[in-house]
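You will see two complexes here that share subunit A, one where it goes with subunit B and one where it goes with subunit C.
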Partner chain A sequence: MSANISIGGDLKEELIPLLINNLTRDVYGKDSGWVIEFNKYTDDSYFLFEDDCVTTFDYLEEFLKSHEIPFSSATSYNIETHDQGSMRVYLPGVMDQVYNTTMDGELYLYATDLMGLKEALKVVAFENAALHINHRNRTVKKYAEHLLKGGDPLDFVKSIMDEDVPPFVPPLPLLNIIKKVKKIKKVKKKGK
Partner chain B sequence: MNSSWGEITIGGTITKTLFEELKKAIETDIGSCEPGIGGWARDENYLIFNDSDLPGGEFRATEELCFKNNIPFHRESNGEEPEIVVFDPFNVLMGTHSYTINSQTQLLTEAEELMELRDALKEVSITNAPTFINDKRPLFKRHAEHLLSGEDFKGFIIELLDSYLPPPMPELPHFKVKGK
Partner chain C sequence: MSDSIWCKLRIGGEIKKSLIPGLLKNLKIDTGDTITFEDFTQGDLFKLENEHSGQFTETERFLEKNNISFARNSDGNYEYLAELRIFIPQVVNVAFPLDPSGDVVMPAEKLRQMIDSISAVTFETAAVHINSEKPYVKEFALHLLNGGDQLSYLKVHLDDLVPPEVPTLPPLKIITRSKK
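Coming up: the complex of A and B.
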């Protein structure tokens, strides 16, 4: 079991201590006294942190979301308990999506509803739709109802795909640390 | 290979001789085929055995016998990669199929192509299709070409879903011993 998190996007320098506090809390617990060095886990592209003992980054993710900082986190498949792995991608204003992953880290979906869509397209046509409005498979039933209401088959496919399939995983924007610009005070010269 | 839990459900009609062989195979896999011992049950319609100490969650001897003698079975296991294996020799569309499942026995399928198909269906329309015919994403290109061809979309979607999704799980024929 392991977990990792990648942080990208614009990050204000003054938020780094708070980010580290939340990460430390996830990894070692509250008031552990341990310190995680930000620079040790930062390369030219992202802040990347991975740990074999951590299962989630709840505090850190909440913190990042509250400051609209993009991240991608992943928890590996647990071979002992068979708990599925997952990946979360947060892009402010674009998506906050959780993807399920297999042991190899591949993304997967629940197949049953999509299998129902395939069956619906194969067996239901406008001419026989009335025969399927009590079908045991809810997708087949919904498709029959949709056709009887005069709905477009392609619109139905799109709506089911939209419900059951997450969007393609977009790349995380590169990390850009924004340093605080110190305002230079103008000093009035004496006598002026 | 680690030992894991597995459950096999056997269906179909078999002879008395084959039933004896089947019992021996079960004994080889789980040590006993007596009722109440070794975790087996016979429901109204099928012969069902389970055990928590199977190499890779497989009933090796039993499954081999089933394959050799065309005995339909359904095996669920939670080995390193949880799966359901269905062998239905009398179903021409099925044969043998391995379904990937999670720990809650939900059927899973790989997401990548379906995610691309979803986005292609959403973004490509008849009006903008020409701008996608050289798209590097294969399903955007295929969807655009298909829209421009004016062919029925159902055949196109069904063909893609057939290749990306597992086949429907068949119900096994009921278990019977001939002449019993």
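Coming up: the complex of A and C.
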């Protein structure tokens, strides 16, 4: 059991203390007195934090999302609950996707609807669609209804696949810490 | 599979009474226990659980060799997903990976590559993609150039990549040899 989180993208420097507060809360609990050093876990590319005792970074992820800061987090297999691993990728305005992963990081998906789709394409055609509108498998039934309404088979197949098959994992943008620039007031000299 | 993984064996379909001693012998090899066939026959199936082995290696081999239907569930661990193996002679011999709640899962990557190839290539652009480094893009481009369509391409790959529906094990039936 372990979890890790990578933070990238634009990060305002003034948000770092709050980020660390939320991370500390996830790792040690509230008011623990422990402090996690931001710089210790930051390299040229990302802020990377990993812990063997943590399963999720709920507070930190909520904080990052509320400030539209990109991150990807991953949880490994939980030996006590038998939960498989998962990975979450948040890219503001682009995606907030949870992937199921095996121990070696391979992505997997639930096959039930796709198994139904495979069956639907085998047994249902325009000519016999009416016979399948009460089929026990909901995907077969939906496909038969779609054809009876004059729908295009390809549109149906694509919609099921887009719904069930997660997109490729995109790379996280590199971390860019934005420092507040102090405005310098120009003082006009008298007489000019 | 490594040790200390729960597994369950269910046997159904037709089984000759004369094969039962051989079955029990193999079960003893797999579990270390002496098993009475009747004690584990509940309802329509023979059902046996084991806490350690992860699978019933010898018994499964014996059942397959003698064309006896069975299903074996195994828990997952830090290395493997949970699994359901079903063998029904002349119908199915498949191991389905499962998530912890028992739903069938499958690897996502090849399917995603296939879907993306369909978005990337059209009849008009197919010729441009026939030397693509992405295998599915190249394959789909060639498929279109050979007069194929999107739906037939999807059907072929769904057949290939998506597991079949999980079949139900037939009820157990002991066949006794009748005396002439």
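Here is the rule we go by: the second predicted complex is superposed on the first by the 185 of 192 C-alpha atoms of A that agree within 3 Å, B and C clash if a C-alpha of one lies under 4 Å from a C-alpha of the other, contacts with A are read in each partner's own complex, and residues count from 1 in each chain.
Here is the rule we use: a contact is a pair of C-beta atoms (placed from the backbone, for glycine too) under 8 Å apart; a residue touches a chain by one contact, two chains touch by 3 or more.
What you are looking at is a predicted structure, and each value in this text was computed from that prediction instead of being measured.
Asks: When the two structures are superposed on subunit A, do subunit B and subunit C clash or fit side by side?
Replies: Taken together on subunit A, subunit C would clash with subunit B, as the superposition shows.
Asks: Does the superposition put A:M95 against subunit B (first), subunit C (second), both, or neither?
Replies: neither
Asks: If you stack the two complexes on chain A, which partner ends up touching A:I16: first (subunit B), second (subunit C), both, or neither?
Replies: Once the two structures are laid over each other on A, A:I16 reaches no partner at all.
Asks: Please indicate which partner A:A129 is in contact with in the superposed arrangement: first for subunit B, second for subunit C, both, or neither.
Replies: neither
Asks: Indicate the residue numbers of subunit A shared between its subunit B interface and its subunit C interface, in ascending order.
Replies: Shared contact residues on subunit A: 79, 81-84, 99-100, 102-103, 106-112, 114-115, 117-119, 121, 153-154, 157-158, 161-162, 165-168.
Asks: Within their complex, state which residues of subunit C touch subunit A.
Replies: For subunit C paired with subunit A, touching residues are 75-82, 96-97, 99-100, 103-109, 111-112, 115-116, 118, 150-151, 154-155, 158-159, 162-165.
Asks: Touching subunit C in the complex: which residues of subunit A?
Replies: Listed in rising order, the residues of subunit A that touch subunit C are 76-77, 79, 81-84, 99-100, 102-103, 106-112, 114-119, 121, 137, 153-154, 157-158, 161-162, 165-168.
Asks: Which part of subunit A faces subunit B closely enough to touch in the complex?
Replies: Touching subunit B from subunit A are residues 79, 81-84, 99-100, 102-103, 106-112, 114-115, 117-119, 121-122, 153-154, 157-158, 161-162, 165-169.
Asks: List the residues on subunit B that touch subunit A in their complex, please.
Replies: Those in contact with subunit A are residues 78, 80-82, 100, 102-103, 106-112, 114-119, 121-122, 153-154, 157-158, 161-162, 165-166, 168.
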